[in-house]
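What follows is a set of structures for review.
Look for chain A in each of the two complexes below; its partner is chain B in the first and chain C in the second.
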Partner chain A sequence: MPYLAPEIILTALAIVLLLLEAYGAISARSVGIWSLVGIAVAIVVTLFTEVGAEPMYFWTDPNAAEGTAGKGLYMWDATARFYKLFFLGTTGLVIWMSMESAAQPVGPKTQPIRAEFYILPLFVAAGMCLLASAADFMVLFVSLELVTITFYILVAYQRESATALEAGVKYLILGGLATAFLVMGIAYVAGFAGTTSFAGIIAKYNTPDHLPVAVALGLLMILVGFGFKIASVPFHLWAPDVYQGAPTPITAFLSVGSKAAGFIVLVRVLNEAFGPTAYATWGPALTAIAGCSLVLGNFAAMHQRNIKRMLAYSGVGHSGFILMAVLSGGVPDGPGIAQAGMTAVAVYLATYFLASLTAFLVITIVSPTPEEESIRSYNGLWQRSPLLAAALAASLISLAGIPPFAGFVGKLGAFVVALQFHHYGLFFIAAISAVAGLYYYLGVVKAMFWSEPLEVTPIQVSVPTQVLLTILIFLLIATGLCMEVFAWLVR
Partner chain B sequence: METDAYIANYGTIALFIGVAVLFAVIPLMIAAIIAPRKPGRVKGDTYECGLESKGDAWVQFHAQYYHYALAFVIFDVEALFLFPWAVAFTNLGPGPFLAICAFVLILAESLVYLWLKGVLDIK
Partner chain C sequence: MNILPLFLLIIPTLALVAIVLRTCPKTAATVAATANFFLSAVLFYLYCQMGPAPFDFNLPWASFPGLPTIHLHFGLDGLNLPLIVLATTVSLAAILVSPADCKRKEEFFAYLLIMSLGGIGAFLSFDLFFFYIFHEFALIPTFLLIGIWGPQNRAYAAFQITLYLMIGSLVLLAGLILLVLSVPEAARTWDMIALQKAIAESLSNAATAGNTSAMIALSYPFLLIGFGTLVSLFPFHSWAPAGYAAAPPGAAMLHAGVLKKFGLYGLLRIALPLVHAPGTQMEPTWAAWVAAWQYLLLLLLLGNVLYIGFVTMAQKELQTMLGFSSVMHMGYAFLGLAAYSEIGFAGVVLMMVAHGLSAALLFGLAGEIQQRTGENRMDKLGGLASSAPILATFFLIGSMASIGLPGLANFAGELLIFMAGFKTYPSITFFAIWGVVIGGVYQLRAVASIFYGPAPEGLGEVKDLTMAARIPYLILIAALFLFGLAPQLLLQIVQPSLSKLFGGA
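Entry: the complex of A and B
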């Protein structure tokens, strides 16, 4: 298969669907089904594209000197393939959630789910797939903007509601600011290195000397831009309001897809564009960011009454755990980030993907309106729908990191990396934060099983979604019991 | 070192910014100190290139222009990509030609979409 196939399939399908829908030839629901089919085709294509031992380059830069490695814009290695599958899977589940929420009755001020709501995620998926393969700051920036600009539209989708508008404005302004930092940082780095390709930059700066001041400044500015995408303290301020105001499927997309997109570019840049010497610049900065994210995210989540806000703060905390795994560089003559760190990041994100998307799928069904998003609405969910309660409990316990579930494997990897690379202070903070996490995750579980429900009407779940939820619960337990699955995924 | 020379170039720019700001601020300060103050209705009016002003400066634009303006920007920026491509056209192979064809077709698709959605009809 040609290397650009998943991105081309998604974009072409999105354009065709837009035209068909504008002509009125196709209903919104069938657009959703076709989008799912397109995602499935893209997953199959990605699975059947061979991965070379070395990163392979698709496009070539005609201006690069002969014999240098810095010729490519697009690479297809095992990391790229893993993250492409991750993003395609996320998009598929998000479209499923959107179809689920379209089936629910709409309030007076809610916009009905239109065809564009299924088509825009296809563009996001194309951007994220491109991001996973970026080998050049130009490709990185363009694909990151494709993702971010599409999110601006999706976040403010419920434009009649004040909270959605607030979320849209906050995401737009802070996102624009983060992009400004990112592009300024890229300008400094590219201005000094004389090239935007990762291989060209690492060839110039992988020396035992310190980075020049301007390049170090550029790297820190780039970290600000990525810090916004992964919602880490102090660049997390948008997260609670945006997560609360956005439609629930889009909240899920932001908390899983957008976060993972931030992490793939973060590890790519630190690994491919900067070598071990750059660790002296980004190591202390990311240690501080990770520590603050762990403490603030987990402790602020305790006081939340809205379940989406709670998951927003807990997502900030999860960013802290993943950053702990990223902090595995600085070994002389080693890669920017050790293989152990890369694997731990991928495994953590995979477990977070399963748990977080399961939780948001349940929230989409249980809380169709903003009034039903309070944690009190989950009181006695067990009596209203045992399957939904079991799925939410499994995902929350997994997010808390309790052994039989997948989340434990992810947390274990992050903690092991922190010990291996001697981040004892961070390890200590993370351990305390993980215990704090138990409190608010299990608080919701307690409410679902041991509190009296506000209303007793059973919740109807469609048969395909029942099957999907059962599969997700099974995966949450199976991957937690059988860690080898992850080794196979990231091989 | 080349790095220092590079940063030193910014010193010239900083100096230039400082002089430019002073050049504008000093006459304004002098005027503020010595000018007599006689405000009137005509003096306080909106400046419209010397013509007599008509109405308020805070005119409301119809919200429909917002879509129209967005569409305009898209095709304005399209030209930005087409010009350098056209200049280098004779030296390029079939690859860039196909790429620009795809680019123009995608933009044409956006025009069709806007048309079908009724954004181009202004009532």
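Entry: the complex of A and C
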């Protein structure tokens, strides 16, 4: 069954690799390579699986109520395919980064990278791929937990270091709290609707009336749970510390994969489980969250000295931009979120994927130890390695949203949606925040290109990574100029 | 034939590739800029012979769900061709004046080429999307050029100019998106000319007129302030003097000469024709709203001419003075735009070209002076005319052009603008015209203090411009005289396009 192929391939591969590694039959590096191969296979299969005009459902309920017949637990459509590819690509690059950081010299308190560091991301990827297809709160919750619990392990991987432990504890406690909110919300919604399936809920509540108070409350609690995943204000408090303390590849995973996972379930739930009438509930809440994320994320990032912390806050800001695109609902008789909004979210995430992962790949190489994560360590990077400096500059300028880099296309889509749906105030906040964003991104560019280097030893980059970085820079510019490729991905 | 203008972009791109492949950067850049210069001259000649039709290059580029299809639409008409000639001329001069052996020379010339590419591309594009992103191309190179090679106060100035221009660009982007969204979904397009037609149609259709006029009226302040910031409309001007003072001469020439004209061009081409769309009527409330902004523009342009004029008089550093002076001259251009008549617009086009050339000339020469004396404070300079007579003559010609002396291109532009201004807004023009006197005072005072009088203690022998160093300035001066003595050369191509813009035959 090709529709479930990525999940099956990844889980099976992960279990086989775990067993092989447990009996000592395979080295950590080959585990990494096999993981990459598995992901490549999953990407190819997903890419060539057909997408129909209408979503396809699996595990349908034979006793379904009126109006929900033919809808099941798992759905396959263009959105699902796009996000699966997104998660597979993210995981592949994260494993590549892990292999890159395994090649770095080990500090006194750093754990060497072992095989499970490559295997656990496979489970995360399987969970995320399931999330992209979830059509039922049960599937959604179970796959979200698969992702989150695996992340608890990965974040605290460097268990000898105090910052990593702090990060692990924070992520565990706040993640647990967010999960509790999510479960509570699901309980309210499912309790009133009498079903956990998205189709059942929308069939019951897509009436011109307002949502019942308890269901609205449940929806808001679900939003709290998702708000944690996407690191939006005020549920972002974990992000800076966790991003700083976690190993850099895992930071990248959290900042791209986990954020996108939060967004796919957010748009799924708002689109599939709630109709346009629910906008009265979630619209104002998300508008406030988006505005606060934009301002706090971007302005707090201006004062950071640690590059991973800076990217954490900037990630909060990017969540604000994406939420702006999500806020394209409330049109009577329309879907929960307009098609334009769905596309804008996907495109923004795709550009963010390219830029953010490029940046973290460079950070993995330049900052092997926590002491080298300060922005000052990037002083004069241009002299030490032009390729790394160019890649980081391209990715940061793309994140700032300046053409011809991809990030501009993402921002353009979000801005168009905001203006189209008359969120002028939010647009104004977003524009100011984008300028604040440019300030701190340029701060790093300045360090790399003008400032005198602290040390002048050139940085060696392995040939495959050089090739990968060149491809990523090329993609950052090419997709910024030929945005047709995004249209093709999300069609 | 229709791909000929495309070469204006391909040639600098090839030069960039050559620099990456380790050709001598100045040689590569000079060859490209020279080729572009001659190509634009050829285009100018061919355009005079054949009109705009053969140069239209239109290729569907990308469609994007929720947005109209983006076209790669390049073309020439009487409004952008003068600016393209200006851009190639100034680019050539800017590259020629830049030292071949500066530090990190590969990057330096690459960034200059990208700036020039951005300017030319923006003027060449008839598609709003590419129009916008080509201008943005120049943002980061400007930041790096000021930051790495700037002579003084570079970090602050680099951040200031970049962030300021980014704000302006985002406000502008909002205005452009609102414009595109102002017409019914089926008619939406990024194409400037098609969009203008679609808006006119939508305004004459009773069902859609209300929404469209509201959206256009709403977009007008965004366009005005967005473009205005990019041209240093008072009070959004403070990036310009500081930025130009801190930029290396080549970058200041390109920015003041070419990229700053982007905002004026946008107002002339997009913003004003839309709110005054010929043969159509906006709803009265929205028309009043637009009129209110129009009056605000009139007040702000007086700020540009008079307030900034006095500020310019008080400047002590040469480059800062020139930066303020270029801000001040933008006031005249705004007057020509606000007057909204064919004469006024023709004056603005002439003035854009003239000011671009004269500003580039003066910034280049200011760089020469600072490089020779290590000094940019005017009261610490003096008597340079005796040791560097050619430099002094060039500077004097630039100053005369800037003041608006007949025979040099600026005069023709300013004359047309004031004529148009007197017709529409006589009282505002009466005040604005005093700017000419103010301009004369500060510009001549600068000439006197730098080149005449006793040389201050410690100012050693100043070398004059060498033969090779004179070439870029001679090009600019020749162009100033050419368009000053024969403004008809430009007007003959500007006028037909303007009558089309104003809804005539």
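To be clear about the criterion, the second predicted complex is superposed on the first by the 481 of 491 C-alpha atoms of A that agree within 3 Å, B and C clash if a C-alpha of one lies under 4 Å from a C-alpha of the other, contacts with A are read in each partner's own complex, and residues count from 1 in each chain.
The rule is simple: a contact is a pair of C-beta atoms (placed from the backbone, for glycine too) under 8 Å apart; a residue touches a chain by one contact, two chains touch by 3 or more.
The structure presented is a predicted model; accordingly, all values stated were derived computationally and were not measured.
Trainee: Comparing chain C with chain B, which touches more residues belonging to chain A?
Mentor: Between chain B and chain C, C touches the greater number of residues in chain A.
Trainee: A:220 contacts which: chain B (first), chain C (second), both, neither?
Mentor: neither
Trainee: For A:142, select first, second, both or neither according to whether it touches chain B, chain C, the two together, or no partner.
Mentor: neither
Trainee: Who does A:344 touch here: chain B (first), chain C (second), both, or neither?
Mentor: Touch partner of A:344: chain C, not chain B.
Trainee: Identify the partner contact of A:438: answer first if only chain B is touched, second if only chain C is, both if each is, neither if none is.
Mentor: second
Trainee: Figure out whether A:292 sits in contact with chain B (first) or chain C (second), or with both, or with neither.
Mentor: After superposition on chain A, A:292 lies in contact with neither partner.
Trainee: Which residues, counting only chain A, touch chain C once they are in their complex?
Mentor: So the residues of chain A in touch with chain C come to 339-340, 343-344, 347, 397, 402-404, 408-409, 412-413, 415-417, 419-420, 427, 431-432, 434-435, 438-439, 442, 445-446, 449-450, 482-484, 486-487, 490-491.
Trainee: Write out the stretch or stretches of chain B touching chain A in their complex.
Mentor: 3, 6-7, 106, 109, 112-113, 116-117
Trainee: Where on chain C is chain A touching in the complex?
Mentor: 61-67, 70, 132-133, 136-137, 139-140, 143-144, 147-148, 155, 158-159, 162-163, 166-167, 170-171, 173-174, 177-178, 181
Trainee: In the complex formed with chain B, which residues of chain A make contact?
Mentor: 15, 18-19, 22-23, 192, 212-214
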